[in-house]
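For reference, chains read A, B, C and D in written order, and residue numbers begin at 1 within each chain.
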Amino acid sequence: MTILVGNDTKVLVQGATGREGRLHTAAMLRYGTKILAGVTPGRGGEIIENTVPVFNTVKQAVEKFPQLNSSIIFVPAPFASDAVYESIDSGLKLIVVITEHVPIHDSIRFTNYAYSKGVTIIGPNCPGIISPGLSKIGIMPGHIFSKGQVGMVSRSGTLTYEIAWILTRAGYGQSTAVGIGGDPIIGKDLLEIVEMFAEDGGTNSIVVIGEIGGDAEERLAGKIKHGNFKKPVVAFIAGRKAPPGKRMGHAGAIISMGTGTAASKIEAFKSAGVPVAELPSQIPELLQREFEEKKKENGP
Amino acid sequence: MTILVGNDTKVLVQGATGREGRLHTAAMLRYGTKILAGVTPGRGGEIIENTVPVFNTVKQAVEKFPQLNSSIIFVPAPFASDAVYESIDSGLKLIVVITEHVPIHDSIRFTNYAYSKGVTIIGPNCPGIISPGLSKIGIMPGHIFSKGQVGMVSRSGTLTYEIAWILTRAGYGQSTAVGIGGDPIIGKDLLEIVEMFAEDGGTNSIVVIGEIGGDAEERLAGKIKHGNFKKPVVAFIAGRKAPPGKRMGHAGAIISMGTGTAASKIEAFKSAGVPVAELPSQIPELLQREFEEKKKENGP
Amino acid sequence: MKIHEYQARILFEQKKIPVPRGKLCTTSSEVRTAAQELEKPVVIKSQILVAGRGKAGGIRLARTPSEAEEIAKKLIGSVIKGIKVNSVLVVESVEPKQELYLGFTIDRGARKFVLIASSQGGMDLEELALTQPDKIFRREIEPLIGLHDFEARLAADSIGLGGRTATDFSSICKKIFAIFCEVEADLAESNPLAVTYDGSLVALDSRITLDDNALFRHPEYRNESEDMSPLEREASQRGLAFVQLDGDIGIIGNGAGLVMATLDVVSHYGGRPANFLDMGGGSSSDVVFNAVSLALKQTNLKALFVNVLGGITRCDDVARGLVQALKGSQTKVPVIVRMVGNNEEEGRKILADAGVATLDSMEDAAKLAVQKAYT
Amino acid sequence: MKIHEYQARILFEQKKIPVPRGKLCTTSSEVRTAAQELEKPVVIKSQILVAGRGKAGGIRLARTPSEAEEIAKKLIGSVIKGIKVNSVLVVESVEPKQELYLGFTIDRGARKFVLIASSQGGMDLEELALTQPDKIFRREIEPLIGLHDFEARLAADSIGLGGRTATDFSSICKKIFAIFCEVEADLAESNPLAVTYDGSLVALDSRITLDDNALFRHPEYRNESEDMSPLEREASQRGLAFVQLDGDIGIIGNGAGLVMATLDVVSHYGGRPANFLDMGGGSSSDVVFNAVSLALKQTNLKALFVNVLGGITRCDDVARGLVQALKGSQTKVPVIVRMVGNNEEEGRKILADAGVATLDSMEDAAKLAVQKAYT
């Protein structure tokens, strides 16, 4: 089993006719993702990648393909927010926003609106979701991932690929990997994804890839500390050497007003009993150790 | 039993220190309503009617009296909307807005917000709610009403008193009478109140007092026609002789664009099997007839 | 409250919604100059707040400046449907390839704003709804969220627009919604919104109705409504809800629903109400004095029926105001009073002392009023 | 992106938030004139976008116009915390009875706006949170709804204000929130917001940070940030995310998280990173060329570590851009490349041909970079 994306995932691509939209529509189709339709206002009637019909509105696409349940958004930042509302309005329940540079006053509004409507938002500014071997709604290179039982959740993109690659080579395949995005305001956060993995029968352990900025890691650690998590969790935090007040690439990766330091996050995880890898390469061995620990704790 | 207002009703008065607020706080107290506190910004610390402490904010009032569950609003129209949000925010679940002349762009927003939070709004521009003999949150004269089993719901004020008086004299006491208000946008509408009466064990019949404007009567009639209402319903519609395009006192009482005529409403009720009184004085006899009809229909 | 077309047009122009070139004029020579400057046939539109001004001759086409001046001479100062024409809007005549409808209003039942668009504009919404219901695109707009761009695009798409016309339509849609919210309108529409032969859009007419209750936030529109008789205007200034009708029995009551019911009951017994006059729920003797004095200004009255249910209102206050007004007017019209409720005894006594009898029942009183009026 | 105090002050003035009288000046004689006109002791405030300008001597009090001129002569043109002072704000000195804090920002975890108020203003929010946490009123504001009047009143009440001061505070609160939304700020605050001895309020300082991503809707604020080194400015113009650090090993990678991790790994092995440079997720050879060329402009480099994980990025593109940049700069700095992923073989070959060896593992490459840099 997997979370968020699986065999039943039927995808709409918003911003399908743009350069990025086309490129990744092709890549997702190659990976096996079931993409039924695309939307670009004013471009209705076109066909991309020989198989994907393009509509002017999400409403038309959903009328034609009522089985659509997910959307991936490539539309430029000024229009991304509207694309999210349009998908929510048409009843799609999972929306992955790849678009970078979405204004924060937009994303704070559409994430709240989505929550009120029971819609899951991943992103913005994220690589998306992959359930290796089944489907991906995202821009990550599929070949780096492998099928297995490690749930991955990450605030970064390429660092996720780096760690997925390390896990894959060490024989730890992944159930699902979720790149939640590096913006200050995002849809599902670390904690919410970890909770989904905790419930997922196909996931036996969780790798959390955090970074400086915000307090998502601290909130997750707090929940683990006071909760009842049975599965091994291992973390990595990027940005130990980042100076305060500087945005490290991601809009959300900034130590401001004394909060969001790597030290605080590492401390929080350690206090919750979650080992934090100092180097990415240590993650497989930490996972191994945790499996053994948990086996002792949980009994045979 | 009653709906909305009963023995457990603990009332906050917003706009308690104004002329109307004071007058009706006194009248409600005399009627037996449990008024625990008042709110007027900047007037915290005062006491009205010797017993009701005034606070600056609803938050303070609710902190002091956590058993508060209802509010009645007398604050002037420009500030009424804010008073509603303040009560919703503090967790009060029933808000009666007496204030007239509330801008429609305000009321359309706060009624939607209240619905999203599970809060019941009655009004604006309404006389409020009375459960005779128990409690009232409103400005109606208590002595006209009498305890009994007729549920009354009305878009008007004095016409409700007129009909309550007729019912009272004919021996038909009331479980609860709800004046939902004469504005185009209101909280609970005719249908919603009738549905509450349908479920209420203390109500054995329902008198609906409608008027021209809008389609609330038609929607109610449609629901009765296709629903399964076991209790007798009798209606009266004011405004048979009203000319189109003219606002008959109430902002909502206007025949516009061909809709909202008395004829349309009367026709809808008749087609749903609901008798419509031509004169207010006919209501008791129609009720009596309906009781006998329903007795036959529903069996012994 | 309706505002004038030229006022709505100013709001449209401020948002850069395309409108035909034109000018507001108050004299026929201004109209001639305007027509000359436009260098095209012009449409001369009376700026009066009544429905159906076109059919009543209030909108006229002029091919030349002198024809425009001639028409203006006749229009300005004339009375159309009871309203004097003080100004006309002179605009270039635009030949539409297609006429669209685009507007926003309020859906009472759903408690939502609603966007309405149609490929069949030109006729009013009511007629459109009756004759072409399948040509109407209707979408509820969340009041707490507002209009999304995609909803404007959906409207354009749904009425069959494409290309630049669709983009322009969406843009105008968003702008009219912005106006609708900014001025707190009940209705804001462009009808017809013309598609010209080059595919561009022009708002040939603009209509906005404001929410009277929100005027305190928009003082620039206060005291605008001229769609009233002199008595209605006086009532409005005195805070009374008054509507003139075509009968001869004056009706006064406290509470809109009660007054409407009183009209109905009087009619039921064969009476013809002369007016609707609501003094409001909590009437003092001043208010009663004003109301009765106003009602008695109706010259054709055969009877006056005052129906008061004193819940909060005190009957003695009502009686005092009534007696004072009757004394002031020295009217010969029979006055029938139905009065029950608070301080009823004292009120009845005051009226009896002044020679006015009171009844208990609204229906008995209505019957008596009809009898006194017509016999 | 921070905007200048004087710019935030303009926004405050437009909303009629009381601010001390004053003027922006760029010469010392303007400062003298301004001080004369104010007829009071003045505060001269350097308009630079750095934190702690007060402690660094950028804010000075002058009792007389000539003192003001003297101070201005020293301030204008001087360099404070690496930033040149081009202008100063000269404002009347106001003696506060009490200093409040009032601001709006964004709560990431809750995904809400947040209103923060305190009776203990003057110090910055961070210090306040550390030293007086119980003096902070904090309230989440629904982004879809906005600030209600009662929330502003609640803030005033909660920090102990009453009477007219409370009313004025609520009013300023609503105005700052309106600014916060209109300019799409991350932060909008008045600190200190002074209560004067007559009970009125004056915003003695105004600070606004904008959301860079929203600048396309606020073009008037583009290209404002001066809180950057020349290299950072160049990077920003080329669309690269670059942060200068105080070490000597240059770091380039594709993806913010990967670059941060690279910094961490290099530090783990004893290296001192000279910079953070993220080329972004889908880097073409042009972008690589720009990034490498920029990194090599750092004069103190002892090694350059390029870490590329080619997921979408093609390694051959990276290799081409890298080789071109190395040729262009003719650098002697050792360059260590870690490159895996798409078209890896071809990329490695291009680099090998240019005499640059590549490694598989980030950690091995980091070790090598440290070794080459310091031995």
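In this text, a contact is a pair of C-beta atoms (placed from the backbone, for glycine too) under 8 Å apart; a residue touches a chain by one contact, two chains touch by 3 or more.
Here the structure is a predicted model, which means the values were calculated and not measured.
Chemist: Which chain pair shares more contacting C-beta pairs: A-C, or C-D?
Modeler: A-C
Chemist: Distance-wise, how many Å sit between the C-alpha centres of chain A and chain B, to the nearest whole number?
Modeler: 49
Chemist: Taking the mean of the CA coordinates per chain, how far is chain C from chain D in Å?
Modeler: Roughly 55 Å separates the two chain centres.
Chemist: Averaged over CA atoms, how far is the centre of chain A from the centre of chain D? Could you give it in whole Å?
Modeler: Centre separation, chain A to chain D: 27 Å.
Chemist: Residue numbers in chain C touching 2 or more other chains?
Modeler: Residue numbers touching two or more other chains: 144-145.
Chemist: Which residues of chain A are in contact with two or more other chains?
Modeler: Residues 113, 116.
Chemist: Examine which chains touch each other and state the graph shape they make (line, ring, star, complete, other).
Modeler: Graph shape, chains as nodes and touching pairs as edges: none of the named types, so other.
Chemist: Going by the touch definition at the top, which pairs of chains touch each other?
Modeler: A-C, A-D, B-C, B-D, C-D
Chemist: Considering only the defined contacts, which chain D positions touch chain C in the complex?
Modeler: Contacts found on chain D: 144-145.
Chemist: Quick one: in the complex, what on chain C touches chain B?
Modeler: Those in contact with chain B are residues 51, 106, 108-109, 111-113, 124-126, 129-130, 142-144, 181, 184, 186, 211-214, 216-217, 241, 243, 245, 253-261, 263-265, 267-268, 273, 276, 278, 281-282, 309-312, 340-342, 361-363.
Chemist: Could you pull out which chain D residues touch chain B in their complex?
Modeler: For chain D paired with chain B, touching residues are 145, 148-151, 153-154, 157, 162-163, 166-167.
Chemist: List the residues on chain A that touch chain D in their complex, please.
Modeler: Checking each residue of chain A against chain D gives 77-78, 101-106, 108-109, 111-113, 115-116, 127, 139-141, 144, 154-162, 165, 182, 184-185, 189, 209, 211-212, 214-216, 219, 236, 238-243, 245-253, 257-258, 278-281.
Chemist: Inside the complex, what are the residues of chain A that reach chain C?
Modeler: Result: residues 41-42, 56-60, 79, 82-83, 85-86, 89, 113 of chain A touch chain C.
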